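Next up, some structures in structure tokens.
Presented sequentially are two complexes of chain A, the first with chain B as partner and the second with chain C.
Right, the complex of A and B next:
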């Protein structure tokens, strides 16, 4: 059964549509990320679930109960803010217990729950510290514990890691995912960081200009983007204008160089303009056995990116990036050399122009 | 390297005296307006009319009832105006910051507060006499519109404790607005949202989060208002003449010397004021530090 449902939800500010006709069903215990650039409507959608914004149209339900117009304090939805939003006049323990205290729960139960939360976030020793005595990562863990202490039906996280440095971000995101799975809580996570979304989520909603571009698992979103925006926003991508040559056999032409795609092109006609997308890691130097999609490429540039080496090649008049794993025995071609490059039929994605 | 050679010869590096040149206006100010006057007060307090050392002036403060009464009256007026001006100023600051008044109103109020908080002394006293005095404009207006003579039909008297307090409040509440507006701006929207999200009502948010966070600023500002009123002299003198014997008027009488000419006692009384002000400012500074720590 659907746990959280957003049905035809829109939000309009004056003459600006921040969110347009958003539809999403989230299952209990699912971790869903809203991924998109600034201003795409992801935070507005999250704030509508929290009750800080009221939808201009549509309905939001939790377990079938309509919460669209309920006050934030009446929703039982926990929220973790980007800026932590810890109360500076309270200790860590008081912050975590705040929600239970305003709900007038028994003091003994509050103490027990706070201790439980402190254990989950591994900050038992910081119970009596004030927020200004904590690091950014610790503050965000306290904010998470505070949001979870009230046993919310849904946990909302609004770019919770964006104020932290890279190393802490990686360790804390693993911690968030582990706590979410342990408690089996439904979570909605807003981020503009594709790596975060890909590594954390059961499903990702890619958003652009208030619209849902694509909804799918990280695997689907990365490997089978359905729109140019989705393909471009998630991961690095080579994309180029192309023309359908033979829809039945899946042949397309990029600037006169033919590629074969596994995508069903039967609904298109020869000469149709399309957009072709190929991930850099799907391109490789051709071995002698390779027969399909083997093309000549001129090596233009080679960049070391640590674990990956990025080679810029020119196929026809179109430039492509090609990624290959770095290793000490890697033999790299010379700049200006012409090499044969290949990719599988499945790697050639065909999208609407 | 040339710089190092000069240092080895014992000459100060050129940059050192340039650094001191930059801060010299501060030291000049501190010497002329803080250290020298304070020294003069301390020396004068322990000197008799013949120029000899004495502690009689200090002892006299605790022995003469009218001096202790003057301190007490000043403390009462300062406390009343700090409280009244503080509460009113806080409410005004609230209305233009988180209260939702239009932004132009905020600029207008802040500008007014900047001017009004410095409007004191003889002009302020005269303004109040001209409006709320026996023949003042507002007094006459109330009489004409409502048929009420403030001075005959009510207990109101501009030249009394409450009259002086109201006059002081005219420069007290704008000062509170100027101090509290930035503190109220420091309340983060996310705190309110987090509190609501956790189930708190507006009252619970204010009682448990906003007011405790603002309390050091509110108390600190009120202490500042207390000090501001405690040191006021010209307004009270111009408004009431000698009718209200607050401590600053008593000091003036001792030093200016018509009948009560005893400069030594005047200095000692002023030193008592400095002590009270120092305690107030220490409290202000402590509370301000606490609030800055929370609001940063």
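Right, the complex of A and C next:
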């Protein structure tokens, strides 16, 4: 059964439509990320689930109960904020126990729950510290524990790692995922960081200008983007205008260079304009002639990116990026050389222009 | 041994820093200090010379012995306390709501809070007397809801506290508003709401404790205004400390000087308290 459902939800601020006709069913224990650039409506959608914004249209339910117009304090939804939002006048233990005290739970139960939460976030020794005595990562763990202490039906996380440095971000996101899985809690995570969304989520909702672009697993979103925006926003992408040559056999032409795609093109006609997308890591130097999509490419530039080497090549008149894993024995071509480059039929994605 | 070394280094750093201040800065600083300290010294000196050729505390003793002093001082303190409490009840939720939901109203409210600087207290008190010296009647009927407030003691106290709230408004509102600016009121409110807290809990347990230094400075400024205020108290005919000091100054020479100096000391203690409390909170809000 659907745990959290957003049905035809829209939010309008004056003349500006922040979220337009948003539909999503989330299962219990699922981790769903809203991914998109600033101003795409992801935070507004999250705030509507939290109750900080009331939808202009549509319905939000949790376990079938309509919460669309309920006050935030009546929703039993936990929220973790980007800026931590710990109460500066309270200790770590008091912060975690705040929601339980508001609910007038027994003091003994509060103490027990706070200890349990402190153990989960590994901050037992910081129980009596004030927020200003903690690091950013510790503060965000306390904020997470505080949100979880009330046993919320849904946990909402609004870019919780944005204010942290890169290393802590990676370790904390693993911690968030592990705690979420351990407690089996439904989580909605807002981020503009594709790596975070891909590594954490069961499903990702890619959003753009208030609309849902694509909903799918990280694997689907990365490998089979259905829109140009999705393809461009998630991961690095080569994309070029192309023309359908032979819909039955999947042949298309990019500036006269022919590629074969595994995408079903039977509904298109020869001469139809399409957009072709190929991930840089799906391109490689051709080792044997028999492979599909073997084309001549001129090497234009080579950039070291640590674990990856990015090679800029020109195929026909179109420039492509090609990624290859770095290793000490890698033999790189010379700039200006013409090499044969290939990719599989499946790597050639065809999207609407 | 190590602490001795640290102390020496700190002292040397302080000396080096003092030496770096330009000569003319020192001159202006000394002139400013003299401008402030000389009258104070003169008042203190005068207050200690009640007896010929003897320096002593006779003026202070006589001033404090006067039963009217204690009576009026306690009464003004009570009025100050009431004014502070009523101001907090009125201003904290107002400033909070403006910051949270009505940011567009801030300019209007700030203008209103500045009016007491433009409209003199004499206008305010005449307005209060004019309106509240007649009974409160339901419009178009003869049904009296309330006796004229100026005709009974509690009524007059209510009027004077309301008047003092107006006089203290610029200080209290600005202090509270500044205090709220230093904490992320909106996010803290949303965090508390998501944890199930209602408005009362949020204001009492989250907002107030985090703006306590601002509240204290607003409260102390209000206190200073109320305790020395003369116009409202005189025209409303209440036995307050301000009019008492004024009358005393007309009939005696040394006692008013003694009381003035004592009130200076009181103000300094108050400022010390502000420093103490603000310092404490600075640490807390600094973490945010």
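Basically, the second predicted complex is superposed on the first by the 351 of 353 C-alpha atoms of A that agree within 3 Å, B and C clash if a C-alpha of one lies under 4 Å from a C-alpha of the other, contacts with A are read in each partner's own complex, and residues count from 1 in each chain.
Note that a residue touches a chain if its C-beta (ideal position, glycine included) is under 8 Å from a C-beta of that chain, and two chains touch if they have at least 3 such contacts.
All figures in this text were calculated on a predicted structure; none of them were measured in a lab.
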item: Side-by-side fit of chain B and chain C on chain A, or clash; value: clash
item: Which of chain B and chain C A:332 touches, first, second, both or neither; value: neither
item: Which of chain B and chain C A:73 touches, first, second, both or neither; value: both
item: Chain B and chain C footprints on chain A, overlapping residues; value: 50-52, 71-73, 75-79, 81, 83, 85-89, 98-99, 102-103, 132, 143, 146-147, 150
item: Chain B residues touching chain A - in the complex, by the definition given at the top; value: 188, 190-191, 193-201, 204, 208-209, 212-213, 293-296
item: Chain A residues touching chain C - in the complex, by the definition given at the top; value: 50-52, 71-79, 81, 83, 85-89, 98-99, 102-103, 130-134, 143, 146-147, 150, 156
item: For the chain C and chain A complex, residues of the former touching the latter; value: 183-184, 187-188, 190-198, 201, 205-206, 209-210, 283-288
item: Footprint of chain B on chain A - complex, ascending; value: 50-52, 71-73, 75-79, 81, 83, 85-90, 98-99, 101-103, 132, 143, 146-147, 150
